[in-house]
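Note that the chains are named A, B, C and D in the order they appear, and that numbering of residues resets to 1 at the start of each chain.
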Amino acid sequence: MNNIEELESKMDQDFVAVRYNVELEGPAITPEKDPDVQAILPKEEPYRSIAMGVLHGDIDEALNSVKEGLEDGLSPMDVINDGLMKGMDAVNALYTKGFFFLPDLMLSGDAMMEGLKESEKVLGHKSETKGTVVSFVAEGDPHDIGKNLVVMFLRAGGFEAIDLGRDVPNEEVIDAVKEYKPIFMTGTALMTTTMTAFPKIVEEMQENGLEVPAIGCGGGSVRRDFVESFPMSVYGVEAYHTPKLADSIIKDKKTWKEIRKEYSEIVGEFVPEYD
Amino acid sequence: MKYLVVNHVRRFTKMVYKKGEEMVFGRSKFPVSQRWNIQLGAGYVVPEVKVAPVEGSETSEERMIAECRNIAQSACERAVAIGLPAFMLEQEHVSQQTNNPEWAAETTKAQVEVLEKYYDEYGIRVSLRQTPADIRIEERGPGLRGSDYDNNIEETMEACAANGASDLCIESMGGKALSDYGISRGDPRAILFGIGVLGSIDMEYMWNRIVNICKKYDCRPGGDTDCAQANTAMFMAGGLLDKDVSHTMAALARGMGAARSLVAVECGALGPLKDCGYENPIIKAISGVPIAMEGKNAVCAHSDLMGNLTCAVTDVWSNESVYHRQEMGGTTPEVWLQATGFESALMNTALQTGQEEVLRDLYTLTDKYRDPQALILAYDNAHRIGEAIVKYGKDPYLRAREAALEVGKIINEAVDANKLYLTRFERESLDSSLKTIENLPMDSDQFIDECIRAYSRKVPEFNPKNYELEV
Amino acid sequence: MKYLVVNHVRRFTKMVYKKGEEMVFGRSKFPVSQRWNIQLGAGYVVPEVKVAPVEGSETSEERMIAECRNIAQSACERAVAIGLPAFMLEQEHVSQQTNNPEWAAETTKAQVEVLEKYYDEYGIRVSLRQTPADIRIEERGPGLRGSDYDNNIEETMEACAANGASDLCIESMGGKALSDYGISRGDPRAILFGIGVLGSIDMEYMWNRIVNICKKYDCRPGGDTDCAQANTAMFMAGGLLDKDVSHTMAALARGMGAARSLVAVECGALGPLKDCGYENPIIKAISGVPIAMEGKNAVCAHSDLMGNLTCAVTDVWSNESVYHRQEMGGTTPEVWLQATGFESALMNTALQTGQEEVLRDLYTLTDKYRDPQALILAYDNAHRIGEAIVKYGKDPYLRAREAALEVGKIINEAVDANKLYLTRFERESLDSSLKTIENLPMDSDQFIDECIRAYSRKVPEFNPKNYELEV
Amino acid sequence: MNNIEELESKMDQDFVAVRYNVELEGPAITPEKDPDVQAILPKEEPYRSIAMGVLHGDIDEALNSVKEGLEDGLSPMDVINDGLMKGMDAVNALYTKGFFFLPDLMLSGDAMMEGLKESEKVLGHKSETKGTVVSFVAEGDPHDIGKNLVVMFLRAGGFEAIDLGRDVPNEEVIDAVKEYKPIFMTGTALMTTTMTAFPKIVEEMQENGLEVPAIGCGGGSVRRDFVESFPMSVYGVEAYHTPKLADSIIKDKKTWKEIRKEYSEIVGEFVPEYD
């Protein structure tokens, strides 16, 4: 009888499994040396430090630079737009290129949000965003990490994301639409038996004369065919697509019908089954 | 000690399996017998099938009953059509079932009726697993304990047991808010707190109740799974080219998850442990209970990087879950039971002919170096992690911490031996995580205190009271 | 002789494999090399995936191209995500593709483009199999030869080859009308005539053309399958409790089918033979060409009773076919490539570690006595049937007849040894069929004459002219 | 290294595969001794011989008895109804009970059809049936054995089945509906890309003001959800269900909507996914 070590020693792994991730890896990079990042990062202080704090996902670094700037009398809007947002843009650029990973993004997002709150305190009100988006997890569904990503990507992309949480009754969603008049909505469901909330919400919205340019519906068990079986909806594939979809609505005035057709171009990558 | 004070369970401080090589599919140290003449872990592998209720079936009790009956009927028909000696049907509840214990009673009854008919007519060995949903919402109402949600879970468990379920499982989700936070931010301390401490505390609460319910009926306490935590990490880690969660981090979470899911057994769960608990081989090594696993026949549900390796020491072989609809080859209950049934048949042939160790080793080697997550669940390494856990067996925090450190050691050894290659993301994430974990206190109370302070504000859903932790 | 007169092909009169035990998955006597650095039957098993175009994609050329591209893209993404070293994509044409050779050119091109990109980027070994549809309608127009349908098949074959297909296959269906008649009425003579004589004649017509086309390009002639006949029988035979066609009759048809499908190789097909040819192990034993097979990972397409056994000596492992849509685990090209990919990985591990014979035997024993259809395809028995065929290798009728008789012998031996148990339906059907077959003439011309007389009226679609048979 | 015989000798097959078909088998039966068959079979000659000829699936036996009867001056309608059809009823009873198999049925059907043709020669016209049904295989689809079974079961069940063949252009189907005004139609398709003919045919029928109580649509790749996505249609599962569906239309005036709901009761057995 052979034992496992003996068997193992005979194997040529290349005929069984290939670690394409390792095979493919390019050289290591230092974030701030990346040309795209360099083009984005502000040159002057304290904006540069603020942006670097965000880029490093370091709440303290970012917050301290923000506080210093504000104490020095900088306009909170400048701190936001020329510091925090630039940092976030740089992060997004690295994520898109595949050099940054989700944790980088989450931590940068946290740092950015803290700086933002601090700036808004001085501003006296919420800063202006590209637009408001309402996000929820369908009634009866506890799976919320996908929705959390969606919310984070929206915020990192410069949108105000109203996070209604998970297992959200349809009524609450309708109420939020009335209250916030969002430019886009996202719904997440991970179960066959909860994704049925989406068409119900759309129906109730229509009954209430409410409309949004599109509702992105996504999540583990949600199928495109199901989502496209009722109006106003768009099937959402990856959480990081969300700000791109929202952008297409505010910049290019895309409707849900158009987004359905042009999804792949809007998000800039191949998406299975969208032909 | 804050945590251990609330504990009244026997803890594992020794390994039931003395060596990894003693483990093999289809055999466990403590087989389980259920009604309908079925034994689990008793020398043959039992295929499992599980089908998610179709959209719309949740809208009324009648539809849900019909749905569950149809699933059972389809599975039974295919089982006899292809000659399966035995199978397990699992029904994972949707929230409506668990929220309405009378639905659970009726859907269970409907499935029992069908299975019993086939058992009577054909002598086929069958098992009906019911998995009520953990419908508690941590941040809502009274929280994890004593809410209506919580009470409904208990009533539903009893309804299933009373109406003929063979065993009961749950995917409990205590600690999820913390682990979600940690997984998406690459924060191993938050993950360890969420899984090792909070998860373990909540499981005890949950499982003492389930075990007590089962004692009243001819129904077994099955097992739990760290789905809410380690599987979230695995799922987000995704394929080789995904960039969300590092696969080494997911491996660390899995190690911790084993320390956590073991609690069910410590409370009296008998197994087979729940299919999606990829940590189950570790728990089998520690405790000797039979386990269910999923892998290459669960591609309908998700993609993992260890589809064969998970067969190696399993006792029940599952498809995880699939849409209820038609394939060209039949309905999905038929198609996927055939898939798990045929793989189980291969394992049973190996058992019958004395070739089980060869097949186990082939399964293992197929994936061992495909990914770090696979590596640590190879039966030899699973056993090592088990040993790390029982070394600190009495302290849920320390044993989860130790499990993670052992995971790190196993990965690093394989890398040093040029057997496994890591990407930079994986490498860096592992190094920094191990450093963090190594520097964590060796005292449970201190760790808990630090974590409560560090995360209470950052993770708004988290409330220490849900875990009866003093602040 | 009526039939052999029209033959100009080399016939097999000797076995390439001297013993059944020499055969194993992943290795064939005559491996095939294709572009993109892939070898078939050369020491590793290649997984295959195949997905049926979605409803509606047939309505325009653009949609069909997009559909084919999407299928290829999804498959490639999953292949690298899980680390497959190699895979084959097959596209079975729908009638619109074959009817419009320019569609076939463009869909092939689209898939080639995708595969090549992944080959270049990742070094993954890939293969693109194109299977134009046999769109001929025997009872219509000029019949099987020279109709527009027939010409379109030829043009489409060329379009695929010219645009980069790695190999070409077809499921030719000469003789189907006769075998359909015989299968549904339990008439072994009609089946033998349909498969052994008419099927073989038509294949020669078809395959001489395909081989000539392939010679002009860097494209291999793959293989055929007795899908139209032996699979129809198997499909109608169904599960253990079905009562349409006896499983012994289906086994007889399978034996005859081997004698027929061999003709492709005799005309120059190199393999891998087409996946749904369950008779392929017999042909591999005779000819040494690599084969594709399907079984437990083709449950999406249909249910067979030998899901493991068909792995035993295969070189390419297929899912047969599946709807193009989403599963929870991804799109179906992803999900099913993962399924066949993981099973192939297990086989490759066995090959790498020198355990291939053990695994082969486990696969075989898992199903050998599940059903008579499985029994006869176990590699030892497949080899025996091969020997029966080459004994009368020069005469397509006699060798099909002999194959059927050998099938009967194999089944009866297993029954006598108390290894296989038959139902009364199976028993009676086998006995009466064998009696009929034994009493058939040993002269091909005489048999053909008798059959033409007996069936011309009963089977209106049948016209001897389609097979260039004199009446 | 173990060889396969050695391995085999160790196996207990019961833990690997169970031949439930063998395990379950009841005692052998002689068709004419079955009580249900005895109740159906006519007592007087030549009806009994005719029916027995059909029951045995013996064309010569059936045809000779029919010829004798007709020569003796029996009414062809009596030959059909009291002889041939009784034989077929007996066959159906045995098939339903699982004692007879498809080949029995096919051969009996052949015998019955020959006897019928002979009787109709004397009758001078086609005999009356329960109703006319049009059957076809969808355009572009060569798979026809399922349709052939459907046709056979219809005929055995006393219906006139118009067999349009395979790969039938939609137009031809429409023409046949106009010509035969069927009480039921059956369509068979085995491919995703050919089942799309069904809704097209229904649409064209509607445009032409044509209607049937129901079109049974079945075949290997056809899904119930697809069939139920357009009107007039019913998803057909097993070929032998066809006469029962047709019966439900002529006897109980069932509509396609009702058949969809009551399929399982109409065919008298569990049908997966019909709840």
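Everything below uses one rule, namely that contacts are C-beta pairs under 8 Å (C-beta built on N, C-alpha and C of every residue); 3 or more make two chains touch, one makes a residue touch a chain.
Note that the structure is a prediction, hence the values are computed from the model and not measured.
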B-D versus A-B: which has more C-beta pairs touching? A-B
Need the CA-centroid distance for the pair chain A / chain B, whole Å please. 30
Rounded to the nearest Å, the gap separating the Cα centres of chain A and chain C is 49
Would you kindly tell me how far, in whole Å, the mean C-alpha position of chain D lies from that of chain A? 58
Two or more partner chains touched - positions in chain A: 2, 7-8, 11, 16-17, 19-20, 24, 221
Check: chain B positions touching at least 2 other chains come out as 52, 80, 83, 240-241, 323-324, 328, 330, 334, 345, 348-349, 353, 355, 358, 361-362, 365-367, 370-371
Graph of touching chains, which shape: line, ring, star, complete, other? other
Check the chains against each other and report every pair that touches. A-B, A-C, B-C, B-D, C-D
In their shared complex, at which residues does chain D touch chain C? 1-4, 7-8, 11, 13, 16-17, 19-22, 24-25, 28, 95, 98, 100-103, 106-107, 110, 140-142, 144-145, 148-149, 152, 165-167, 191-196, 221, 226
Can you check the complex and tell me which residues of chain B touch chain C? 52, 78, 80-83, 238-242, 295-303, 305, 307-308, 321-323, 327-330, 334-336, 338-339, 342-343, 345-346, 348-350, 353, 355, 358-359, 361-363, 365-367, 370-371
Can you name the residues of chain A that touch chain C in the complex? 2, 7-8, 10-12, 14-20, 23-24, 220-221, 223-225, 270, 272-275
With touch defined as at the start, can you tell me which chain C residues reach chain D in the complex? 21, 52-59, 94-96, 134-135, 137, 139-140, 173, 180, 183-187, 232, 236, 240-241, 243-246, 323-324, 357-358, 361-362, 364-371, 380, 421-425, 429
Mind listing the chain B positions that touch chain D in their complex? 43-44, 63, 66-67, 69-70, 73-74, 77, 80, 83-85, 121-124, 324-326, 328, 330-331, 333-334, 345, 348-349, 351-355
